[in-house]
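Next come two complexes, and both contain chain A; in the first it sits with chain B, in the second with chain C.
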Partner chain A sequence: MSSRKKALLKVIILGDSGVGKTSLMNQFVNKKFSNQYKATIGADFLTKEVIVDDRIVTMQIWDTAGQERFQSLGVAFYRGADCCVLVFDVTAPNTFKSLESWRDEFLIQASPRDPDNFPFVILGNKIDLDNRAVSAKRAQQWCQSKNDIPYFETSAKEAVNVELAFQTIARNALAQETEAELYNEFPDQIKLNANDNGRNRDGDNCAC
Partner chain B sequence: MASTSKDVPAVVIQDNPPDDLEPGACHDSILNPTDSFEEFASEMSSSLQERNISLATKSSTISEIQSEIGENSAPMKPTKSSDDLQTKDESISASTSNSNLTEQNGDDTDTEKDDYLQSPELVNKEKHVFILSSAGKPIYSRYGNEDKLAGLCGVIQALVSVVEEQNQDILRSISTNDCKAVFLVKGPLILVAVSKSDESETQLVLQLTYAFNQIVSVLTLTQLNRIFEQRRNYDLRRLLSGAERLIDHLLIFMEKDPAFLLGAVRCLPLPEKARENITNAIQTTCNKIRDLVFAIMLAGNQLITLVRMKKYTLHPSDIHLLFNLVRSSESFKTAESWTPICLPKFDSTGFLHGHVSYISEDCQACLLLLTVQRDAFFPLSQAKHTIADKLRRSNCLVAINDALNRNEELPTTNPLKHIGIPEIRHFMYKCKSTAQLFTSDPISLDKLQDYRLRHKEGGDIMEKKVEKLSDIDYVRNYRKFCSSIHCTSTPAKLIFRSNSCDTILAWVTNGFELYVTFDPLMEKDQAIKAVDRLLKWIKKEEQRIFIMHAPTF
Partner chain C sequence: MSCVSELSQSNEYLSFRSSIPLRKIVVDSDGSKAWRIFDSGPKSVSCPLICLPPVSGTADVFFQQVLGLAARGVRVIAAEPPPYWNMKEWCDGFKRLIDYLELDKVHVFGASLGGFIAQKFAEVTSNCPRVASLVLCNTFTDTSVFEYHDSAALFWLLPSLVLKRMLMGNFTTDKLDKRMAEAIDFMVERLESLNQSELASRLTLNCTPCYIKPQALLHLPITVMDVWDECALSSRVREDLYKSYPHAKLAHLKSGGNFPYLSRSDEVNLHLLIHLRQFDGTDLSASYISLHKMPAPTNQPEEGTVSYFNQREKVVKIS
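Let's turn to the complex of A and B:
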């Protein structure tokens, strides 16, 4: 099946306003950002194709609109996300402290099936600036304490680690998908029907 | 142009339905009588909460049958009391929640648009259809590559959600000067049509509903819901690979065949005796097969006969899906097939199992034997061969081929010539009680052949005028008359419109719907006289044109 080779990942970028989320996306997708839809629907979208282990993966990246805390989409924004990218600004300690609540917010709103293993990635952005205030060590420690979330130090401005970070995001999200596949949650059509019949019979037994 | 709506002086007069039965009517029907617009009438007027419960589990007809034929010893009790879609229209009109946004026109000077949206495979199409998951992941696009439309799908999901979550309302449509976008949220899916055609919002909703039902037909509603309950990020394309083709065909089919517009089924015109023989052959052969629910014979998107288990009838829309399945599956031609089929109106929760095969190499009629038994291939295969032999011996195959090849000698091949009313150019007639349809120029097989060629191509807006109108063009012209007649607030009974291009009469009674195109500038009396003769002819030929019996096993 050729469609097995294709995949589409919904990626959400969260973090305080001004940490560089939009810039990171632009850097990755290599586009001047258009702000096409932000004002109307409180979100914007970019897509990019990447290749991961010879699979073509389309990343559908969801960016919030400016007023992050009040973003209007609510649950719909988070629904069915495959990966969540949390961004902070290494020169602004407050934005680092917020990570915890962004993560919680995501887990509450998206309520993924297996929250402990949901793929997050943390990006400490703006490492090109001199006035750094959050050390790499501190960030790494926090990531470790959260079930070993991968951590990258990036600069959207100078294109440091951006490509690598997004590659990892795609890879980790895909890994999750294949894992779920192994458990084979959905038997194929015909088998499902067999299950249906089986269930009916069970129902009968109960009714007796 | 054949007609412009500006010059439509709609005349509305009271009709007096004739006392005797209208042409094509009979006391028992194999099909559920429908008003094709009833469904979207209820769809359009449902509120957010109603929508959320409307897809809850219905009782399963299939398990009902299984228990009746003793498959299960005790009668099945559905776990949830049924919230039947049919009864839903009673609760309508509670709220007319309509978020009909009008375009504010993107005066954002952000010129950098997504390039792909401007690519030749997407621009200038008359109608787009997009299907996505409620997470905003693309599932299907009629044109182009849905992967590359992931951004657009995000926007669609966000639009739908903003209206839903902020305004507690439903986004139904967005209109711009030359284009309308119609939205339908069904269970875990969002379906969108973006159209520059003159189809009404309700007609577009109907098409989206069909597309949804096509997906249900492949997966069952139960499975579809379960998948997204378990994993909201699921990429449904993985389960639908191969079904994309079915949706492609269905969308083209719907634009061409008025059967969809009218919620009716075309029958292959056959001599009464021939149809009787075919039905008999099926009945006598299948009488003893306990689990058989429906035996359906069809050819060229027309129904030849349908024999059914007592108590169960089929909805025209389920038949349309079967037509579409047969039409778009080349593989049925080369081998007997055994395939699970869910008929959403009949039972959206489970599969029937279908033995599907063409009657013989020299006859393009296809026989579907649908059962609730999972492993009945061999007995049904046996039955098929017996039926085929019987049909050959009784010359039924010849009769079918004559009809399919549109033998000149048959009155139904060229009805207008046969009727002898030269001023009539085209007509289509639906008998409401039996949900059957007859048109003066049935879409021929060869015209449908180009379905395949047009796959994923074509669909561009055409400027050129055609000299000779085809069935499809006439039907296009009827669309807006059809809308006025089915308009829920002020339905018209009779519309007469005459201008220098043509004259169109649309008439609906309790028993039938009739659409006729005449020469230009006809007087009303004249037209009504002609219609009278037309109805007499249909009545005279009804046994040939329609299926007038509702045989059971």
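Let's turn to the complex of A and C:
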């Protein structure tokens, strides 16, 4: 392939409400943080271009409210996800315990082709706070037991590890996307226009 | 027209056609020219979403938006223009249509040519705004991206068969899934139903030199929706659109081909909802209920509530 197609990576952030999902996304995309808590309502997304191994890719990052469970979001929300980010708050043990069910529900709803190897990334957020209640070791152990999910300790407030975590998210998502492309997402693909592959993509023909 | 495609036989399409009447509205002195519209959702909403089709589309190509969004209380009007041969005529006609429908302002979802004209209309009305926001789908800001500039002046005398062939050549792409193939079949049927003057006038608009001045639209909320697989528009054209509207929300779809409102209707509808949600509780709301509220999780199809259609006479004449 001479000119590689530009990649669009769909990333979904899940986790209990209040753990810092929206804050992490805003820190990564807009380099901003606010102490004020504004509950996210409904699903929304932001896009950001990043460079992964010399390749420009566009990340489409979906944020959710947390309390709305999956069914209400519908398949459109999950279709084509390339990476799922699960967030917990290191000062709130129950948000850590929820990770398992978030992961399971994602796998059920998104039903990726190869669930065992679908890329997840876990973020333990709010490490800037003193009242930590989930140790790094405990979180790491859990991640290892789940097929070695990458784990990062972050602070959306102080921008600790946010960039690094999203770089890993992008890289793993890209690997997933590339594999999905190779495998061919469309088993019922129909080939048309066999002789038309060389057609000039720069001069467009008509807007149908 | 004989309809044999999967989509035109689908329950959704049949229920759409049986619940929402096709209205013909004449707003020009030439009484043979009529807009064709499907108007769903509550009439109390005075700032609805109007969908404008591409060259080969008819109003019903948006049936899945009408059905899906009506279930969320959104008033959606799918509108198809009569033959207009230049941009000014088109914009004047559209303004008379929204006056006739007693709408102050409208949100416009425009696909390809429909998106180009939506931008033009917003530009020419920017002094006395009639457009509340834009969702631009697989569209462009300059007709020079097409290679037919020289022939644009001749479309009016080409037979419809030739015009149809010109368009049909762009329909197929290398990689198709089932839903994309069904969307193409459906669009081919719509294209077959169009007559020579409808097709020639739209192609003329599509290819006559014309461009948008985006500065006039920088205050408008805009969502740019595009599909990243092979489709009629190259990545260069897409990038031009992003540059024209740096403030726009970018709603990229991984795949879907030329007609994502048919082939990826659930994703398109989700993006439309997210776009319209910012107007919740304002004069510009397109829905009579809050779009922030997630629907209760149910498995029932989202067609139950399409019952607000207008029962007025189907042909309305304005003298």
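Throughout what follows, the second predicted complex is superposed on the first by the 159 of 208 C-alpha atoms of A that agree within 3 Å, B and C clash if a C-alpha of one lies under 4 Å from a C-alpha of the other, contacts with A are read in each partner's own complex, and residues count from 1 in each chain.
Everything below uses one rule, namely that a residue touches a chain if its C-beta (ideal position, glycine included) is under 8 Å from a C-beta of that chain, and two chains touch if they have at least 3 such contacts.
Every value quoted in this text rests on a predicted model; they were computed, and no experiment measured them.
Of the two partner chains placed by superposition, chain B and chain C are both touched by A:Leu8. In the overlay built on the shared chain, the residue A:Trp62 is in contact with chain B alone; chain C does not reach it. When the two complexes are overlaid on their common chain A, residue A:Glu49 makes contact with chain B while staying clear of chain C.
Counted by residues of chain A touched, the larger count belongs to B, out of chain B and chain C. Looking at the shared chain after the overlay, A:Ala81 reaches chain B, while chain C stays out of its contact range.
Once chain A of one complex is fitted onto chain A of the other, the partner contacts of A:Arg113 are limited to chain B, with no touch recorded for chain C. In the superposition on chain A, the residues of chain A touched by chain B in one structure and by chain C in the other are 6, 8, 10, 41-43, 45, 47, 58, 60, 72-77, 79-80, 185-186, 189-190, 192-193, 196-197, 201, 203-204, 207-208. Chain A contributes residues 5-6, 8, 10, 41-45, 47, 58, 60, 65, 68-69, 71-77, 79-80, 185-186, 188-193, 196-197, 201-208 to its touches with chain C in the complex.
Those residues of chain A that touch chain B in the shared complex are 1, 3-4, 6-8, 10, 31-32, 34-37, 39-43, 45-47, 49, 56, 58, 60, 62, 72-77, 79-82, 113, 180, 185-186, 189-190, 192-194, 196-197, 200-201, 203-204, 207-208. Touching chain A in their complex are the following residues of chain B: 60, 63, 66-67, 72-77, 79, 108, 110, 112-114, 133-138, 147-148, 150-151, 153-155, 157-162, 164-166, 218-220, 222-223, 226-227, 230-235, 237-239, 241, 340, 349-351, 374.
Put simply, chain C touches chain A in their complex at residues 54-56, 112-113, 116, 138-140, 145-148, 166-167, 169-178, 181, 187, 203, 206-207, 228, 232-237, 250, 252, 254-255, 258-259, 264, 266-267, 269-270, 274, 277, 291-292, 294-297.
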